[in-house]
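Before I ask anything, here is the structure I am working with.
Letters A, B, C, D, E and F mark the chains in the order given here, with residues in each chain numbered from 1 onward.
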Amino acid sequence: MGKMKENTTITKKDIWRTFWRWWWTCEMSNSYERMQSVAYCYAMMPVLRKLYPDNEDYSEALQRHLTFFNTEGIVGSVILGISVAMEEERVESQGKMPGETIIAVKTALMGPVAGIGDTITWGTVKPLIFTLALTASVKGSILGFFLLFLFVPATVIYGWYLMVMGYKVGKTAFASLLESGWINRIITGAGILGLFMIGALSATTVKLQFAGTYMSAGAEKTFQSIADGLVPGMLPLLAIMAIYMFIKKKGHKFGTIIIATLVIAMSLSFIGIV
Amino acid sequence: MGKMKENTTITKKDIWRTFWRWWWTCEMSNSYERMQSVAYCYAMMPVLRKLYPDNEDYSEALQRHLTFFNTEGIVGSVILGISVAMEEERVESQGKMPGETIIAVKTALMGPVAGIGDTITWGTVKPLIFTLALTASVKGSILGFFLLFLFVPATVIYGWYLMVMGYKVGKTAFASLLESGWINRIITGAGILGLFMIGALSATTVKLQFAGTYMSAGAEKTFQSIADGLVPGMLPLLAIMAIYMFIKKKGHKFGTIIIATLVIAMSLSFIGIV
Amino acid sequence: MGKMKENTTITKKDIWRTFWRWWWTCEMSNSYERMQSVAYCYAMMPVLRKLYPDNEDYSEALQRHLTFFNTEGIVGSVILGISVAMEEERVESQGKMPGETIIAVKTALMGPVAGIGDTITWGTVKPLIFTLALTASVKGSILGFFLLFLFVPATVIYGWYLMVMGYKVGKTAFASLLESGWINRIITGAGILGLFMIGALSATTVKLQFAGTYMSAGAEKTFQSIADGLVPGMLPLLAIMAIYMFIKKKGHKFGTIIIATLVIAMSLSFIGIV
Amino acid sequence: MFYVALFAGLWYTFAGWRPGYSTHEIWMFPLMVALPIGLIMGNVPGAMILGSAIGMLYVGMVAPGSETPADMSLAGLIGISIGLSINADPGTAIMIAVPFGILGVFLNQIRRTINAKFAHMADKHALSCDEKGIARCAILYPLIMNFVLKFPPAFVTVYYGAAVVEKFIAMLPGWMLNGIAVAGGVLPAIGFAIIISMIGKRSIFPFFFLGFFLVQYFHVSTIAAACFGVPIAVIIVLLTKESQDEVIASTNKVDADSSDDELEVG
Amino acid sequence: MFYVALFAGLWYTFAGWRPGYSTHEIWMFPLMVALPIGLIMGNVPGAMILGSAIGMLYVGMVAPGSETPADMSLAGLIGISIGLSINADPGTAIMIAVPFGILGVFLNQIRRTINAKFAHMADKHALSCDEKGIARCAILYPLIMNFVLKFPPAFVTVYYGAAVVEKFIAMLPGWMLNGIAVAGGVLPAIGFAIIISMIGKRSIFPFFFLGFFLVQYFHVSTIAAACFGVPIAVIIVLLTKESQDEVIASTNKVDADSSDDELEVG
Amino acid sequence: MFYVALFAGLWYTFAGWRPGYSTHEIWMFPLMVALPIGLIMGNVPGAMILGSAIGMLYVGMVAPGSETPADMSLAGLIGISIGLSINADPGTAIMIAVPFGILGVFLNQIRRTINAKFAHMADKHALSCDEKGIARCAILYPLIMNFVLKFPPAFVTVYYGAAVVEKFIAMLPGWMLNGIAVAGGVLPAIGFAIIISMIGKRSIFPFFFLGFFLVQYFHVSTIAAACFGVPIAVIIVLLTKESQDEVIASTNKVDADSSDDELEVG
């Protein structure tokens, strides 16, 4: 690591700028290959520049934050807060905190946080506010238009709060967290919750059913009712697991997955199964 | 510790006397500041006197059992049994068992046991018997009067059984329990069950609802139904948590809590929210 | 241990023979005292003969597999696979794997596997296929007769698969499994699932109810409805627990249990309680 | 009415003193006082009917941390005796009783505030090993205090009739009565909060929420909650212990192994 | 009726011998014997109808620990053949069949008591490495014993008609029939108790109650129970292992650290 | 219609660019575009009614891993503007909108495939510390690409009317339309699979199934799932940590004890 700036104190303003950049851009450059990585890097830039006057260090840091990243943007702010704290820690400790650890932590947290965040932000807060807006305009009033924007302060408030919390916890406790094993526990806990919530969410979101009916004792019954009697949600679960296994084995080949989904759906529809 | 009596064997009669004193008096001196502590001390007195002939030791022991204590009186007998055993152990081991440990164990157990006991004694056994009695007298019969007293043998039986069990487990196994880590496990287990049951019990007992209705699609709907759609029991839970946080931060200021509850309830009622 | 055969490789054919012997005979010699032990021994015979040319070793091995054994026959194949692997391991390691360990593992697994297997094979697969068959013949068609036999391939397929899996896991990983503590974990896990499933299964299978009705507010109510209000399934649970306690204390005295069950049922029926 | 009022005052004192853990809620229970009131007033069946009706209101009540949500003792004494004297049907008797059930809560709170004094006195007696003193703090003083605090309101109300009090209550605005009722619904929360804070331990706190939401979402009884709670608590305790022991055994083994090595080396 | 009775006796022997794990409940299943009986008696559709109806009773039956709650084999053989001979409708056939289903349970229990003898014989053969002897204990002797035990009742009942047996049963008082039925409902409990006692381990015992109450309170199927049970079991196993490994790793690290210190000191 | 079509094209570009995390689904939401379209076309109330109706379809949609199951932006722009121009009732407007919602999904997938290019460019800029370059990759290029990709279809469809596209769609066989709809139902599975694979850790994987089956079997909301999931996760974390610390403390104590012994011996 090159020479360090003496006083590298990160200010609240720096954190706010990071948050704001992230908030504005994180979905713009979303790509299948790297998801939100460019936005993450873009958001971290001002802080990184401040911390690493030396260009070599700076370039390394920029690359660090261009690795694959994806999460839910609001609750996910907590991860940016942690990253900022860890980078600052790295500088203050004269490089004792390895860059790999910074990547490891953000990568370990992004999944669980996505699960939790999708449930809160998109699965709960959004439908509440948007339904309110829809109801207001169902007879032609323009009130609904304005109500939609309630979603901005609602989410920015907890996003910003989490960002600061991530930074603070990171700053005051990171070294000890890492040492005491708490960070592993936190990642595990976030993972548990993330998986649990993603399970719950996908149960209501993914839809796939058998088509067709048959006659039984004079009444018409759907084939799907048999499947429901066995294991409700069997088909959606199979779909998720199949795609998961594919990703696990072949990597993030989303083009393939999408085309395969389409082709299989068409075929099954053609032969009348779904 | 002063000189010890040689033969300090606690008899079944001593235990019965402790139980009986406790059973008769434990609610009489119940105060906000110390709850059932005076009764606890009063119940332990005969045993303590027997164990500590020396007045200095005796006084210390009395003070030990005047510390804050509260639990459900019947299931809670198990704690008195344990205390008796630990005091005896203390004397027999010539003081190797520290007084602080005796306090620690009773204090750790009282909460969980209160949760469990309230559910069993007051939440289950009492309503069963009392409902029976009410039904018997609904048309004027005096039978119900006598049925009420079934509650006494019913509870005394398991209270006494638990008292003896507490004493026996304490006597034969306490040293090894403490050493092997079992006592921590038991306290944890009792705590888990206590909290779980208190949660279940409070869900049916604490009552707080939004007032007011609104018209939706021609039908009258209560505001409470919206809250129920979000998280059922939201308001009672908030109330419990608010009071809990207050106790946690400011200590047992029950006067304040009660007045605050009243004032807030009045105010919310005045503006029509509850 | 006597002298060893140099090349004792167990072939797929040996395993198939073991499976097939087990599959054909495992219920024939089922006895209260030893359950499926004779069949287990009979099934293992060819493999054991191949592994132990020395008669003394062979006799010991035969006795090993005549100990008490009972499990569900299809999912239970996995245990035979493991036994074969462990016996082979024992020979290859020149006796380092003790015979007691082989017994311990099969004995530890049989219960959990019975619970799991009963649920899958008898509680799920069988009723599905048999109901299909019944429906087909409800108006006199002979189709149902043939459909019943679908149960054979259905179960043989996963039975055989599990047998091979048991053998493979046993072969490649047994030494390390034992060392790393995984085998304990697996036994625990299988036990958890087994007990859980046996609980679920017995809730729908064991039947015992209070007889009799009473009048309440002009309507006839069953006494059973009171019991259901308290704890549904109270009586079946008590029955299971009582028999379990008896077995625990007095051993496998099934004659006594059956006669007692009958006598008690008769008596309670006579006085009108059940 | 004098004798009934006298009985009411004395009984309210006695019951509020709460002698006998399993009995204290019997003394307070409306059905229980119905018999003596009925005897005094010469109408036992009528008293039992009113007592049974008023008792219904309170039969499911739980008082965690001794924080009663309603004073069924005062409610019962007043509701039955006045109800009987005016030949009220059960519905009317309930309407007379309920407000007193709420007002009585405050008397109980005053009682528990004052009781703290006796605990302080007991502290002093403990220093001097004064057994009788402690016994007085545990039994006698609370009794006297209960008499002072609880005899007058019960006696006066029953003697002069509930009418006075009722009129006073009728003057209160609706929102205030509603507010008192709302507060009554929330009071048990104090008891639960006390017990939660007594258990304290952070690592198991969330079990409170599990129990709460189990009942809220699935509408099962507390017995059902116990049917799940007991196994879960036992499992966690035993599995944790088992796992800990396994680890300790394995580390000791490792230690022992390395000691052996050292022996061989030495 | 002789040939049907002969078939019934032989088949009851064969099925009760239970050859083939996946097949033994097929041999016993009423629907299965309906076809041969139908062929012998020249009325296949009628036999299938009765077999299907009687089969309905037993399709959900589970026999944990081999403790059959009812002997569907005897019930089927007798119910179908006699039902067919008297041209009974399914309802009547069921009424003929059911009592035999209960009585047959006892034959199965006698069988398993006697089978213990053959296990003892196998013990001896194991000492002398007598493979053929063990095979006989596993296969032949049980077959012979089944013939002796099971041929007569099935043959006799079908040949002489159920009437005799039925009359006998009709003489039994109601409480006795009810008692037998109640015992039949409890018998599976023996099987479950056996399996529970086989698993034994105290620390996981409460999972039995969780499974039991899950189904009792929420009325879900056993498949649903598995959907929750499997993940829970896997989670406990993996998380415990992980936690143990973490601790062991950390203590080893500590040990290693302190060794280092010692090195530096030394 | 030109101005509406122009607005539709530009807005579809803008919204598809997704500026502002909390706003991007507002820009796309049918109700949101209803106001400007209504203003341009001089019928605000009518636009709001259609926007509200079409919005209903998409209000519960979640897009995990950015994998939108339907493009509500295109659906809304076309459904409202064409619906308004032909004076359609909400039902008809929905029927116009829905197919475009499905077709738009593919445009989004093309967008995210192309975006990968800009990530590669950002890699290069990182090497040379070119801040402006990275900013362009994050903001500018995606905008331009969105314009090229999304302006034409929205503009053309609104300008020439949905009729052309509709006719084309009407030519498709039923199974193909059904197939597309089925695929639409499955698409969110991709998002969920992505997130699951991101979390990865084997030892906690089964929690996914617990969450899934909790909702499937008990039909509770995701909020309810959280009410159980949060306490469970917290409990596991804290209890595991606590147990680990206990073991570590006890082994350290043992170590310390044995050191003491050695001291005494030495």
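The rule is simple: contacts are C-beta pairs under 8 Å (C-beta built on N, C-alpha and C of every residue); 3 or more make two chains touch, one makes a residue touch a chain.
Source: prediction; values computed, not measured.
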| item | value |
| --- | --- |
| Length of the shortest touching-chain route, subunit B through to subunit D | 1 |
| Rounded Å distance, subunit D centre to subunit E centre (Cα mean) | 53 |
| For subunit A paired with subunit C, centre-to-centre distance based on mean C-alpha positions, whole Å | 45 |
| Subunit A and subunit F, separation of their C-alpha mean positions in angstrom | 10 |
| For subunit A, residues that touch 2 or more chains besides their own | 181, 231 |
| Sites on subunit F at which at least two other chains make contact | 204-205, 207, 209-210, 213, 217-218, 223-224, 227, 230, 232, 234, 236, 240-241, 243-244, 246-247, 250-251, 255 |
| Which pairs of chains touch, using the document's own definition | A-E, A-F, B-D, B-F, C-D, C-E, D-E, D-F, E-F |
| Contacting residues of subunit F [partner subunit B, same complex] | 223-224, 227, 246, 250 |
| Residues of subunit D defined as touching subunit F within the complex | 202-207, 209-210, 213, 217-218, 236, 240, 243-244, 247-248, 251-252, 255 |
| Touch list for subunit B against partner subunit D, complex | 22-35, 37-39, 41-42, 45, 49, 55, 58-59, 62-63, 66, 70, 73-74, 110-112, 114-115, 118-124, 126-127, 130-131, 133-134, 137-142, 144-145, 148-149, 151-152, 154-156, 159, 181-182, 185-186, 188-208, 231-233, 236-237, 239-241, 243-244, 246-248, 252, 254-255, 257-258, 261-262, 265-270, 272, 274 |
| Contacting residues of subunit E [partner subunit C, same complex] | 17-26, 29, 31-32, 34-35, 38, 44-46, 48-49, 51-53, 55-56, 59-60, 62-66, 69, 109, 112-116, 118-119, 122-123, 126-129, 131, 134-135, 137-139, 141-143, 175-176, 178-180, 182-183, 185-190, 192-201, 203-205, 207-217, 222-223, 225-226, 229-230, 232-234, 236-237, 240-241, 244 |
| Sites on subunit C touched by subunit D in the complex | 181, 184, 230-231 |
